[in-house]
Amino acid sequence: MSIHVTVWNEYRHERENEYIGSVYPQGIHGAIAQGLTAAGFDVGTATLDEPEHGLTEEVLANTDVLIWWGHKAHGVVEDAIVERVRKRVLAGMGLIVLHSGHHSKIFRKLMGTTCSLRWREADEREILWVVDPSHPIADGLDAYFEIPEAEMYGEHFDVPYPEAVVFTSWFEGGNVFRSGLCWHRGRGKIFYFRPGHETYPIYHMPVVRKVLANAVAWAAPGNGPAFTYNQGAINERESVHPIPEKQSDRVRMG
Amino acid sequence: MSIHVTVWNEYRHERENEYIGSVYPQGIHGAIAQGLTAAGFDVGTATLDEPEHGLTEEVLANTDVLIWWGHKAHGVVEDAIVERVRKRVLAGMGLIVLHSGHHSKIFRKLMGTTCSLRWREADEREILWVVDPSHPIADGLDAYFEIPEAEMYGEHFDVPYPEAVVFTSWFEGGNVFRSGLCWHRGRGKIFYFRPGHETYPIYHMPVVRKVLANAVAWAAPGNGPAFTYNQGAINERESVHPIPEKQSDRVRMG
Amino acid sequence: MSIHVTVWNEYRHERENEYIGSVYPQGIHGAIAQGLTAAGFDVGTATLDEPEHGLTEEVLANTDVLIWWGHKAHGVVEDAIVERVRKRVLAGMGLIVLHSGHHSKIFRKLMGTTCSLRWREADEREILWVVDPSHPIADGLDAYFEIPEAEMYGEHFDVPYPEAVVFTSWFEGGNVFRSGLCWHRGRGKIFYFRPGHETYPIYHMPVVRKVLANAVAWAAPGNGPAFTYNQGAINERESVHPIPEKQSDRVRMG
Amino acid sequence: MSIHVTVWNEYRHERENEYIGSVYPQGIHGAIAQGLTAAGFDVGTATLDEPEHGLTEEVLANTDVLIWWGHKAHGVVEDAIVERVRKRVLAGMGLIVLHSGHHSKIFRKLMGTTCSLRWREADEREILWVVDPSHPIADGLDAYFEIPEAEMYGEHFDVPYPEAVVFTSWFEGGNVFRSGLCWHRGRGKIFYFRPGHETYPIYHMPVVRKVLANAVAWAAPGNGPAFTYNQGAINERESVHPIPEKQSDRVRMG
């Protein structure tokens, strides 16, 4: 049973800047989609300037894992679409947020925090250490991997306590960063992965593609029980275990 | 140095229903404030129908820990005030959310999930077991305590993984519930505490007051480092550790 | 690629007591092995009174997931075998500890705590609620399942903070218990599952077998990076990133 | 009510090596004790070569928080004393394990893992970033602090998932390390803190002393409920909630 991935990309940098266009001729989404297709997933793409940002109800209903890359146009993403994505995540769709997506509306809404961090553009060497070697997202990796030139992201990263920290990055200029972080929200699994920037060919790197493929496999929906909650005032005694009649004299509320 | 607590209450049930008014003649906030004052805290109150819901910038700036009780008027709370409270929590103010406050705007916004659950009004016996006896919120308690008659809240409770589970409730009708849950958001600590309903005198109970006093002490702000993030495009090489000059040929982005 | 499971059982109750023998004619290990075989796993068994408790180096080397059931003879298990199992867990073998196995040497050694709990034999109804519906061990289950008659295990359960709590049990007599708990130790995944007692036919129940099959799939080893540590005093400057020569005047230690 | 701290030190390096003796003329324990005394704690010391390693039942019974520094003589520490310390931790005593204490018997016994790591002696600059600014152990610190010359410890660090990660270290040679880690075991709180080596004057640094003082305050025992477990076969129906008589035909076991 194939896993359906939708790679969402802001897709503006690549069209507006010649250098960036040369790094990602098919767009960042195109590069990521290529890697995931080669890994055996069923992959589609969606971009900001398509109708409904490419994220119609139908597209989302058929998406097992959504990958999100945005940077300079977070504010343009419509709130109604963000809420639509959020509901799909809570219902079980996996979400992988990449790099500058840390400030996307969807990530901040699911985290509840500012998701802010320190950053610096100085073409720094980045070394990513696997700090949770038993995590499925680390499958097939070595003890560390590196990115020759990267934008720096540094702690403190203002996100809720992660359920797992898969990678921690070292940067030439003296910073560290939790670079691969896992959470649940509702039935959906979320993975934040730091590497990637519009001016570096990071999403062409085999090791980065390996991590993304692992993350998609990890984030794919499971088959756990439905979340059934009370929808309104039932105010009745229906219970799994019988409750004896009470002699309460209190006024029952609606 | 005294800890300043603000007890926020919707305060409508008590004024609109005679029975509830008899259970909480000074309002739910009044009962809670009485308990916390006796425990040595500096306590104020605020309610929904005051200007700005009683939560002005000044009140919040002087609040170390905010307690939140709401039920039937969550939708009436203004979004701007909710966002103001959220910013104060992220900046370090503790937040204690009580019972039906699980569906309040502020709690859902900080959690990112639906915060839904199962419930039933059948005057059930509730037994709360301490499942984390070393947690400061369990200080001075016995292995369990009970509430003679309570509204039932049952799992699944749709919240993010808690950082600590202090209590788990048993209900007569066959349900269980994680009843005392801890999280951080930004610099602020959050505690959700299940017990309490407008029709039961739960906030008059000494053991419940003990838990609330413990929770206030736990949630009070610390004195950790400020969260300093990049506020805009710095795009420079300032770093803790010196970075050698690079011979990069890429076009630097703003 | 098949997953190899070894089901370990103390296997004394069944041989020494006629009633228990009638509940588990093939032994508890036989009942569990039957369920896992039907689920498609490659299953072997081992018992206390075999040479080396059936857990030779060869058996363990070929085991992906070990299931452990013990009760009245924990003290008879040889320390050297326990240490052998522990090393295999740290190297990646999954471990599923059942019911009274909470007091086994292997579980206590991996946890570091007493692993004590409350218990009562009163044929109580047990209702297990899924509190983490997105966890793979909950795949295919309903919101809760029940066991008609069970020995009670109650909190506080003295184990380290679990990484995930999949189930929480309700018992007729007023107790609750975290019934499905996950940890890592080294590369190995550990799942503790409460249900099961020598006098109840619990391991014949389809829902319990479903949980065990899910747990085996979850606990099977991954393919993350090897744990390579320094084995002795290297005391040299080999590093991933070059370190400039220092002018240190301190005496270098061996 | 004063907090009683016992600083335990192997105390051999300082006596056997002149250079190390010059760095810590009063021993590592003396330097640490000096800092904690100045912070207002009631401090004693104990060393390996004292009778019972200085850790008599009486000393431990009067210790709220034990600090542990060892390096080259871990194997000489008697197992019976290690077990005595472990029981005190499970009963509530805080434990702070420093630097090379990661391989001490007591730490490995409480963790259940190898506690191994990578290391290198190359006088590297270490920068410790606060990754959990709201944690009490980070009180009064800046966003980062540094140690001019340090032995490197690098990931992967083979310990169980920490409950909190307060610091992460950056090292000149390209490594990162989770440098301040929190766990519970039983009622006791445990903090592992990486900095410190016999050849560097790290325990004389004010910022390191500040961290140790914060850690002692955090690890001091609370006042939660006693851990009362069943000590033997009670096999009776005593329960918090009444259990109806059952018509079970099964043979009751002892």
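Observations on the model:
Which chain is which? They are A, B, C and D, in the order written, and residues in each are numbered from 1.
The rule we apply is simple: a residue touches a chain if its C-beta (ideal position, glycine included) is under 8 Å from a C-beta of that chain, and two chains touch if they have at least 3 such contacts.
Given the structure is predicted, the values throughout are model-derived calculations rather than measurements.
Taking the mean Cα position of each chain as its centre, B sits at the greatest distance from chain C.
Pairs A-D and A-C differ in how many C-beta pairs touch across them, and the larger number is found at A-C.
If you average the Cα atoms of chain A and of chain B, the two centres end up 27 Å apart. Chain centres here are Cα means. That of chain A falls 31 Å from that of chain C. Here the CA centre of chain A is 36 Å from the CA centre of chain D. Residues of chain C in contact with at least two other chains: 127, 130, 133, 143, 156, 161, 163, 170, 172, 174-175, 184, 186, 225, 227-228, 240-241.
Across the complex, chain C meets chain D through its residues 13, 17, 19-20, 86, 90, 109-114, 116-124, 149, 152, 156, 158, 160-161, 163, 172-175, 183-186, 198-200, 225, 227-230, 234-243, 246, 248, 250-253.
Across the complex, chain D is touched by residues 127, 129-131, 133, 143, 154-157, 161, 164-165, 168-171, 174-176, 178 of chain A. In the complex of the two chains, the chain A residues touching chain C come out as 92, 125, 127, 130, 132-136, 138-144, 146, 163, 170, 172, 184, 186-189, 222-228, 240-241.
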